[in-house]
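Alright, structures below, take your time with them.
There are two complexes below, and they share chain A, which is joined by chain B in the first and by chain C in the second.
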Partner chain A sequence: MTDRTGGRFAAVAYPVGLVVAGLGALQWIPLVTALVRGEWTIALVFLTGSSTTILCGGAVALAFARHRGRKLGWSEGMAVTALSWFFGMLFCALPYYLSGGYLSYLDACFDVMSGLTTTGLTLIQDLDHVSDGVNMWRHLLTWLGGQGIVVLALAFLFKGTNGAYKMYVGEGKDERLTPNVVNTARSIWIISLVYLGVGTAALWGAGIVAGLPPGRAFLHGLWIFMAAWSTGGFAPMSQNILYYHSLVFEVTTAVFFLIGSFNFALHYAVLSGQRSEIRKNLETVTFSITVVVLTLVASAGLMRDGVYPDAIALFRKGFYQLISGHTTTGFMTVYARQFYHEWGDLALFALIVAMLLGGSACSTAGGFKALRVGIIVKSFARDVRKLGAPESMVTVVRIHHVRDTQLDDASIRGAMLIVFAYIATFSAATLAGMLYGIPFAQSAFESASVTGNVGLSIGVTAASMPDGLKIVYLVTMWLARLEFLSILALGATLLRNGRRR
Partner chain B sequence: MKTRTKNALLGVAAEIGFAGLLVLAGLLISLFFAR
Partner chain C sequence: MSRASRSLPLVLVLAAAATTALLVGLCTAGGTVAASTAAASPTAAETFTPAPASSTDLIENADAYDGRTVVFEGEAIGDRLERGDHVWVNVSDGANAVGVWAPASMLPPSLVLGRYGVVGDRLRIVAVFHRACAEHGGDFDLHALSAEVVSAGRATPPPVPWTLLVAGPGTFLLVVTGAVRFRKRIRLLFTKS
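Take a look at the complex of A and B:
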């Protein structure tokens, strides 16, 4: 290994070690939960997981601590993010596996990646009897993943801002809420903590209304809020949101996962007093239009096929699944196989499109993102207008996203490239499913769910599916959540280093 | 009440209101199709 390569590795190793050690420290939360609930074996599991993770991450960080002042380039900054997620997954899976809830370490890794990427697909065994400690860890992981584990580290662990913006961009968030990226990371966490209080209180109340005992309603409210805000989709019961059989609970979760799918820059503007931003922003306008259009298509399909008998059933099953998919949350009020046996092609088509479109950029949501869809539609409209205008005419298109900006070719190209990458990944995952013998429609549905980090399932994702397909889905979730660039940058760095040797 | 706290509370209310409107739109569409 050349000096240059070695120096680059050392510069990347220190922050990755620190992030991993931080994830080990976070295991104290489920550890305390297990102790409070008297789950002694599970407490021991988290003590083992936490100690191992802190020791390994801390040892790497200490070994390379003298390189912490080194300036990180774009490829190194992005590699830090990609590697933090990869090693974070390996270590966070340890308590899952030791708890005995998974058939293999791969299944445990799948669930960690599903949680961190806010996808919400799960391979856990006997979810209805899982301990409170493990449930706390599942929902904590999805909550942390929504904000971003590197964003968390930037907000609370790293001193200084060297390479911070590159790591931040590597995590699929490219908007600064404040000029300083560390303050941006802290603002993201403050907004999330404000909503944690509001949302948990609301869902606690909704849980009591649904008939849960107050103590249980609090834990369920906290966990479901964490999953809703992160557009994650995990729930403590195997029937997901259907378990509660409550319209109040469903509407409350819908409100919070819709808010969770909004851009953090929008949250920051609205919570700072710019409340009109919510109706002027290109992203919220685009999102509202696609929600309405796709709800019309799905409802038309469901009613044509006579799937639901009345308006309330259509609202609680059809609309709920659609916005759950569109916000990339993945909460369900139907059983997975009902999509296949009952829903019909038109409604499934609307749901697949909704899952691919996704929520907002710089949010907890996945998918193409409404901002990119809005930019592409605006640029398309501009080009159509140009066709009918004199050749000498210069067309300027303005968009409003927090502030007024002129739509330039670089933004359009950037939006199109990411959308293209999503479509290519979706196609590849669909093809992989078909190679494993899954019919086209089911494979397309499940791969739209993993590519959009959604979590709705048509029944393909199960512990019994082939290991190869689990790995394909796991990598797809990772690629899509980090919006491709950091993992491609990591791949390019590894290739370059390999050639130099 | 401090202006920052007031803005934050009104902002949370505005976002909940906007999300509520989207949910209401879904209910109205469901009512329309189930007539």
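Take a look at the complex of A and C:
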């Protein structure tokens, strides 16, 4: 390895080691939960997992600490993010595997990646008998992943800001809430922590109304909030939200996953007093339009086929799954196979499109993102208008996203490239499913869910599915959550280094 | 941005709500009446000779079972969700858990519910199956006609493997030793470069 390559590797290894060690320290939260609940075996599992992760991550960080002042280029900054997620997945899967809840280490890794990317698909065995410690870890992972593990490290672990913005962008977020990226990361975490208090209290109350005893209602409220806010979709019971049989619980979760799918810049603007931003923002306008159109399409399909008996049922089953899919949350109040047997083509089509469109940019949500869809539609409309106008006329299109800006070709190209990457990934994952013998509609549904980091399932994702397909879905979740660039940058760096050698 | 476009999301949401309500009205006046009638009146033969059904049978053939009386057997899991004089208990047959709606008096007050370290009571339930229950917001559920405990639940404390007893404290000791040995270098990590 040349000096240059070695230096580049060292500069990347230090922050990656620190992020991994941080994830090891966070395993003390489920460890304490297990101790409080008297789950001694699970406490030992997390003690082993936490210590091993801290040892490995800490050793790498210490070994390369002298390189921490180095300036990171774009490819290194993005490689830090991609590698942090990859090694984070490997180490965070350790307690899952040791707990005995998974058939293989690959299944445990799949669930970690599903949690961190806020997807919500799961391969866990016998979820209804899983310990509180493991459930705490599942939901904590999805909550951390929603905000971003590198954003967390930037906010609380890293000192100095060398390459901070590059790492931040690498995690699929590119908006600065404040001029300083570290303060931006802290603002994201402050917003999330405030909502954690409010949301847990609200869902605790909803749980008690649903009939849970107060202690269980608190834990369920906390976990479901974590999964709702991060648009994750995990739940402590195998029936997901159907377990509670409660309209109040469903509406409360819908409120929080809807808020969770909004742009952090929008949250920051609203919390700073700019309330009109909710009505004016291009993203909220685009999102409202797509929700309305897709709700109408799904409702028309469900009503044509007489799937639900009345308006309340249509709301609790049809609209809930649709908004859950559109915000990329993945909470379900139906069984996976009910989509296949009952929903019909029209409603399934609306749901697949909703999952691909997704929530807002710089949020916990996945998918194309409403801002990009809005930009593409605006640019398309501009080009159509140009066709009918005199050639000498210059058309200027303004968009409002926190502030008024002029729509330029660079923004349009950026939006189109990412949307194209999502469509290509969705197509590839659908094709992979079909190669494994899954019928087209089911494969398309599952791959839309994986590509959009949603978590709704039509019944394809199970521990019994082929390992090859598990790996395809795992990589797709990773690619889509980091919005491709980090992993492509990592691939390019590795390729370049390989050729040089 | 104009005033009209600012209120666009609100207008669209209201328009969608109105259109959905209209479509729902049209729908409920027609096709689904037959389904709810069928659910309310299973034939005499079906009522008195209930068929055993697994959760997979019910999910995969929901239309065929809709409104029929079935025998469902499984482990009571999670929580007893009290709703006035009725109760929700979720019952798992190993493949899926299904919500059972029952009068509170039908289930023993000391019902053992399965969770970590506990295997719940195994219940045999005779119930009317609803693919999309009109009474419960479209839930896929069973309305119990009778319930009996066929085998009692029990605590199943998980074993503590000796490998974990060694690995947990062992790796923790290594972390503590490392933290003490390299404390100066670790402190440097958390100071500005």
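The working rule: the second predicted complex is superposed on the first by the 501 of 501 C-alpha atoms of A that agree within 3 Å, B and C clash if a C-alpha of one lies under 4 Å from a C-alpha of the other, contacts with A are read in each partner's own complex, and residues count from 1 in each chain.
The criterion applied here is as follows: a contact is a pair of C-beta atoms (placed from the backbone, for glycine too) under 8 Å apart; a residue touches a chain by one contact, two chains touch by 3 or more.
Owing to the predicted nature of the structure, the values given are computational and were not obtained by experimental measurement.
Trainee: If you tally the residues of chain A touched by each partner, is the higher count for chain B or for chain C?
Mentor: Touched residues of chain A are more numerous for C.
Trainee: Counting only touches as set out at the top, which of chain B and chain C does A:Ile323 meet: first, second, both, neither?
Mentor: Touch status of A:Ile323: first partner only.
Trainee: Taking the superposition on A as described, I'd like to know which of chain B and chain C A:Met113 touches: first, second, both or neither.
Mentor: neither
Trainee: Between chain B (first) and chain C (second), which, if any, makes contact with A:Thr41: first, second, both or neither?
Mentor: After superposing on A, A:Thr41 lies in contact with chain C but is clear of chain B.
Trainee: Quick one: is A:Val255 in contact with chain B, with chain C, with both, or with neither? Answer first, second, both or neither.
Mentor: Only chain B is touched by A:Val255; chain C is not.
Trainee: Contacts for A:Asp310 in the overlay, against chain B (first) and chain C (second): which applies, first, second, both or neither?
Mentor: So A:Asp310 meets both chain B and chain C here.
Trainee: Contact-wise, after the overlay, does A:Tyr195 reach chain B, chain C, both or neither (first, second, both, neither)?
Mentor: first
Trainee: Which partner does A:Thr284 reach: the first (chain B), the second (chain C), both, or neither?
Mentor: After superposition on chain A, A:Thr284 lies in contact with both partners, chain B and chain C.
Trainee: Counting only touches as set out at the top, which of chain B and chain C does A:Ser272 meet: first, second, both, neither?
Mentor: After superposition on chain A, A:Ser272 lies in contact with chain B alone.
Trainee: Does chain B (first) or chain C (second) touch A:Ser299, or do both, or does neither?
Mentor: both
Trainee: On chain A, what residues does chain B touch that chain C touches as well?
Mentor: The overlap between the chain B and chain C interfaces on chain A comprises residues 279, 284, 288, 291-292, 295-296, 299-300, 303, 308, 310-312, 314-315.
Trainee: Mind listing the chain A positions that touch chain B in their complex?
Mentor: The contact residues of chain A facing chain B are 194-195, 198, 251, 254-256, 258-259, 262, 267, 270-273, 275, 278-279, 284, 288, 291-292, 295-296, 299-300, 302-303, 308, 310-312, 314-315, 318-319, 322-323.
Trainee: Using the touch rule from the top, collect the residues of chain C that touch chain A in their complex.
Mentor: 1, 5-10, 12-13, 15-16, 19-21, 23-28, 30-32, 35-36, 59-60, 62-63, 77-83, 87-88, 90, 92, 96-97, 99, 101, 114-118, 131-134, 136-141, 158-161, 164-165, 167-169, 171-172, 174-175, 178, 182, 185-186, 188-193
Trainee: Flag every residue of chain B that touches chain A in the complex, lowest number first.
Mentor: Residue list for chain B touching chain A: 3, 7-8, 10-12, 14-16, 18-20, 22-23, 25-27, 29-34.
Trainee: Using the touch definition from the top, list the residues of chain A that touch chain C in their complex.
Mentor: Per the stated touch rule, the residues are 18, 39-41, 43-45, 47-48, 50-52, 54-55, 58-59, 61-62, 65, 68-69, 98, 128-132, 157, 159-160, 162, 210-213, 216, 237-239, 242-247, 276, 279-280, 284-285, 288-289, 291-292, 295-296, 299-300, 303, 306-317, 333-335, 337-338, 341-342, 400, 404.
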